[in-house]
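Two complexes follow with chain A in common, the first pairing it with chain B and the second with chain C.
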Partner chain A sequence: MTVLPVVRPEPRRVPRWVGSVGWAVVAWVVALAFFLPVLWMVITAFKPESAAETWPPKFIFTPTLAEFRLAVTGMSPFLIHSVLATAGSTILVLLLAVPAAYALSVYPVRRWRDGLFFFISTKMLPIVAAIGPLYVIALHTHLLDSIGLMIILYTAMNLPLAIWMIRSFMLEVPGELLEAARLDGAGRLREIGSVILPIIMPGLVSTALICVIFAWNELFLALNLTVTNAATMPMFLMSSVPQEGLYIAHLAAAATVASIPVILVGWMAQRSLVRGLSMGAIK
Partner chain B sequence: MTVLEDLAAPRRDAEVVPLAVGRRERWLRRLPLLPALIYVVVVTQIPFVVTLWYSFQSYFWDQPGGAHFTGLSNYTTVFTNASFRGSLVRSVVMTAAAVIAAMILGVAFAVLLDRKFFGRGVVRTLIITPFLVMPAAAALVWAGPMLDPNFGLLNYLLAPFGIHHVAWLSVHALGSVIVVMIWQWTPFMTLIVLAGLQSQPPDTLEAAKVDGAGALATFRELTLPHLRPYIELGILLGSIYLVNTFDAVRLMTNGGPGTSTTNLPFYLYQQVNNAFDVGGAAAAGVVTVILTIIVATFALRMFARVFQFEEARG
Partner chain C sequence: MASVRYMSATRVFSKGTPPAVDALDLDVHDGEFMVLVGPSGSGKTTALRMLAGLEPIDSGHVEIGDRDVTQVPPKDRDIAMVFQNYALYPQKTVAENMGFALKMQRVPRADRDRRVREAARLLDLDEQLLDRKPRQLSGGQRQRVAMGRAIVREPKVFLMDEPLSNLDAKLRVQTRSQIAELQRRLGITTVYVTHDQVEAMTMGHRVAVLNQGQLQQCATPRELYENPVNQFVAGFIGSPAMNLRTVQLTDGGVQLAGKVLPLPATVRTAAGAAGLTELVIGMRPEHLHVTDGSGELTGSGELTGEVILVEELGADALLHVRLPEGGTPVVARTEGRKPPAPGREVTLHVQPDEVFAFHPVTGARLAGQA
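After this line comes the complex of A and B, so read on.
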């Protein structure tokens, strides 16, 4: 543990705005460099295939939507499956997580700590370890390659996160409001419906957005447990890589289309992203 | 479970709970929890019980006759199998390298974002975007447009530095996969560390400035200790997600060349999908789960401590 020698700062000679502009320049350069692969994906997507495979890479070309058009043909079943699996699992997550979070915060059950940690511990179990048996179970229950199976699994995947997150929002509901509702003789259902839910609504929205991000992007389970009837957007992306021939622009277009919904959702949810990702630990 | 005692309690009136409440009240409280609890137990625990069962069976997809009991032979195979050990080590290396590098970058980005400047909101948005890109898309875009040896952007950008047409995915396969993992998870670390920076009491920093402490000394002596729980949380959560990295491996290198990028998830995937060995994969899975539980016990303890800190502060 060494302490730097304490030196009085020199009296300021450069004006303050110079430092501030310098900071901005550095931050912008770093951010743009970091963002470059995304930018390159989008740029490449607008290229004709012949302009995507050149050396040096082309930066000036006539943009075309041809590859987008090609990419989205045949995409609709995947898109529908993804929307159904994502929306279905997110709704189911909220239906299960709101009461559970309530039982772990407002009127807590006796061993609520154990409950909370049981939920989080399931996130630590590697699902990959059970993929073979999962396949066998799905086969025997006739759920293989069905949207229902994807909804069931994505719900289990996101539920712990949602419970922790919603609980953290419920803990912030002012106690006086609950007190007042109780004095008014409101039952517990009315307390949830007319006091708690309206207050935590923004929290529920951001929880839902986080669940959407994870469900939409999931590949491993979809790859192992679906074929055609429930294959999702990440699977569409995989299928867009041909075995031979030129495909870079085509791939970039498909990747852009597949990623855009979640990028937009994430941008909207920016404020609450950190809270969701830390399971409500950080406000 | 003494670990759990550390977690901050819900508030006030909730504290009066435990012994005073009657049987009816206890069930009223338990009722809303039950659907989620039963759901999670059924969906997440049953597959692992079945995994345990299959780990003692010989069961190959491609052979007739179904499963039959083989005792511990699957486990002997797992423990004597170099490819399982190899993929285990690779998983640890990939996760550790990616988490540490992402955290270092994350701290740097967070420090950049912690100051007001022109267009800070946009810069923040640009920086979090890689996390939002579908991992499958990120893997494919890196493998093709970015890293392609003949027309990839990276080789073009590196050409002025005397680096020409490197076939990244053949020569530096492991490094390439790790770079993509870092790229996708740095935003996560940035956001968590940024939250830590912004929760720093301004008066302490002010006081340090008045005392004439330099920026670097202030950062090391005041800011870093304050950030510690946030860094721990980021490392913990990042590891939970990154240890399961599959998309990047499957889509960038398919585990190769050879087995040089085969991590545990990809190994298990191969056992089931290419070797058709359900029993062997199950035994490897059970070993993985046991290792995970050992690590998770420590992780949960850390988690409880971080939460206690946060809730006490909030």
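After this line comes the complex of A and C, so read on.
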């Protein structure tokens, strides 16, 4: 057996691993700082009410599901409203945003810049400024406190962002590919359906997810325009704060339950989300 | 199968700028392999895209098989195109990519599969590859899939836009001959765009040289090499490029490197008729012969200068020779075995009838064809 001479690399003053460990520490600290309140919420949810409000917080306690049981009672109508409003608006947003984004990117219509700016400008007005007129319109169209109204409003709320996102994904599709499709005989619908959409699918998923999160967590419109027939999960959280007595553990349990769907959806779409959100970043 | 005809076809990208393609008149015969060649910005790709229907035609006409297709959408022109970056649909398998156009034409599935398999066999594409996605293929395989997608359609005309530019040098040479051979076998009219004059010369039945949106010359490779109509074509065709120099006209020839380089009488007459005092001469590197001063060639022109650089190519060597009057060195092709060392003085001989002469202002060839 021959022994190969070992070539030692030049010694560095600061070993390479120090840098990577340093960054890992920074990443963990930042991640924990963001995660801590969530962790606190989840831990508190398992505490009995009496143990929830002590200071310093107790870390050793007998976990109980009592608060969850309490929190879940009476939740189902809110949950159903939220699911309907969120799913309905997200589907509607995608149905409208895909053709709109196409018309603003692949074959831009005349004055497409103005259109694009108009969409985003609707997000510049504080929503509080619009709530009065919205209320009056909803009142006269007999839509107050209805799921239909929430679907329309959440669609309007998320549509500009969705159009901007999907447009940027569509711009990434190489022009040659669309020309090849035209030569192959694909019409507009085919071009969108079998060429563009499969390519931007990760982007579409992340757009949908963001719409879901925004609609699910929306409180202001729901608070002002719904009472019982269309009240959503954030409304349920509000209502789980009692007039008197201790409620921290109860609220934490309700909030944990309310967060589960969003976390679940996000976790399932993780891969597409990362790919979709970074689609424009890597060229 | 069909012929292709450009009739004063013009494309202007924006008002006030010169046309990208300026009144192009070009006939491509049925079954012919026509290469459009030129430097970047010459309009060759735009001309191809006008034929494809991807670029509108601002004036003039384009005909495919005696049918005016100027206003016909791309899918109804019965053409197939191979793109520079292949433009394969990334989410579809190789078979789906190749069969997509047929699917659009509502060709039954069984028929489609058969034609895809036939095309794959024609291109030596392994059947196993048919179920792969484009990103799982090598560059050369992707190129063949792009070719296959065009072949499957059995179009009247193939359009190819620099299909070899993404391959490495060795594969490019190999694929070059495969495409030429395939075209001869299928006999489908082909319009091929490239900026590489070697590709143009080796593949084309005829080559159309474009520059700044204008057709310079359309002829067989041999004709382009031997009888370029102007200075641009002469400088563009041939590798290494022709040595071009502006020189003073004297009795019996031109003044170059302190000596008189004799020119044929026809050229002198033409120059005299045009009232010129100077002209541009062109000498191909392979027409400059090195001598050591012994064994004089009678009646030939003579250039003496110092070798400043030797490029070894194996079979040949290229000598860069600086003439006493300066300017860009003259390149001469010589036998590879014993090239003169740099720093040595050499004498180059050239036959007068192998010297091209061009008008110094218009660039037009003087005395035309000999």
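In this text, the second predicted complex is superposed on the first by the 228 of 283 C-alpha atoms of A that agree within 3 Å, B and C clash if a C-alpha of one lies under 4 Å from a C-alpha of the other, contacts with A are read in each partner's own complex, and residues count from 1 in each chain.
Operating definition for what follows: a contact is a pair of C-beta atoms (placed from the backbone, for glycine too) under 8 Å apart; a residue touches a chain by one contact, two chains touch by 3 or more.
Values in this document were obtained by computation on a predicted structure and should not be read as measured data.
K.L.:
For A:198 in the superposed arrangement: first (chain B), second (chain C), both or neither?
P.N.:
After superposing on A, A:198 lies in contact with chain C but is clear of chain B.
K.L.:
For A:160, decide between first (touching chain B), second (touching chain C), both and neither.
P.N.:
A:160: touches chain B, not chain C.
K.L.:
Please work out whether A:171 is in contact with chain B alone, chain C alone, both, or neither, and reply first, second, both or neither.
P.N.:
Touch status of A:171: first partner only.
K.L.:
Does chain C touch more residues of chain A than chain B does, or is it the other way round?
P.N.:
Of chain B and chain C, more residues of chain A lie in contact with B.
K.L.:
Under the stated touch criterion, which partner chain does A:144 make contact with: chain B (first), chain C (second), both, or neither?
P.N.:
After superposition on chain A, A:144 lies in contact with neither partner.
K.L.:
Taking the superposition on A as described, I'd like to know which of chain B and chain C A:215 touches: first, second, both or neither.
P.N.:
After superposition on chain A, A:215 lies in contact with neither partner.
K.L.:
Just checking: does A:185 make contact with chain B only, chain C only, both, or neither of them? Give me first, second, both or neither.
P.N.:
Second partner only, chain C.
K.L.:
Could you list which residues of chain A make contact with chain B in one structure and with chain C in the other?
P.N.:
In chain A, positions 179 sit in both the chain B and chain C interfaces.
K.L.:
Mind pulling up the chain A residues that touch chain C in the complex?
P.N.:
On the chain A side, the touching residues are 174, 176-177, 179-186, 190, 194-195, 198-199, 201.
K.L.:
Please output the residues of chain C touching chain A within their complex, sorted ascending.
P.N.:
Touch residues, chain C against chain A: 52-54, 73-75, 79-81, 83-85, 87-92, 100-101, 104-105, 149.
K.L.:
Residue numbers of chain B touching chain A in their complex, please.
P.N.:
Residues in contact with chain A: 1, 3-5, 7, 10-14, 17-18, 26, 28-33, 35-37, 39-40, 43-48, 50-51, 53-54, 109, 112-113, 115-120, 122-138, 140-142, 144-146, 148, 150-153, 156, 159, 183, 186, 188, 191-192, 194-196, 211-214, 216-217, 220-221, 230, 233, 237, 240, 243-244, 246-247, 250-251, 264-265, 268-269, 271-273, 278, 281-282, 284-286, 288-289, 292-293, 295-296, 299-300, 303-304, 306-307, 310, 314.
K.L.:
Would you mind writing out the residues of chain A in touch with chain B in their complex?
P.N.:
So the residues of chain A in touch with chain B come to 3-4, 6-9, 20-21, 23-24, 26-28, 30-32, 34-38, 40-41, 44, 52-57, 96-97, 99-100, 102-110, 112-137, 152-153, 155-156, 159-160, 163, 171, 175, 178-179, 188, 213, 216-217, 219-220, 223-224, 233-234, 237-238, 241, 247-248, 251-252, 255-256, 258-259, 262-263, 265-267, 270, 273-274, 277-279, 281-283.
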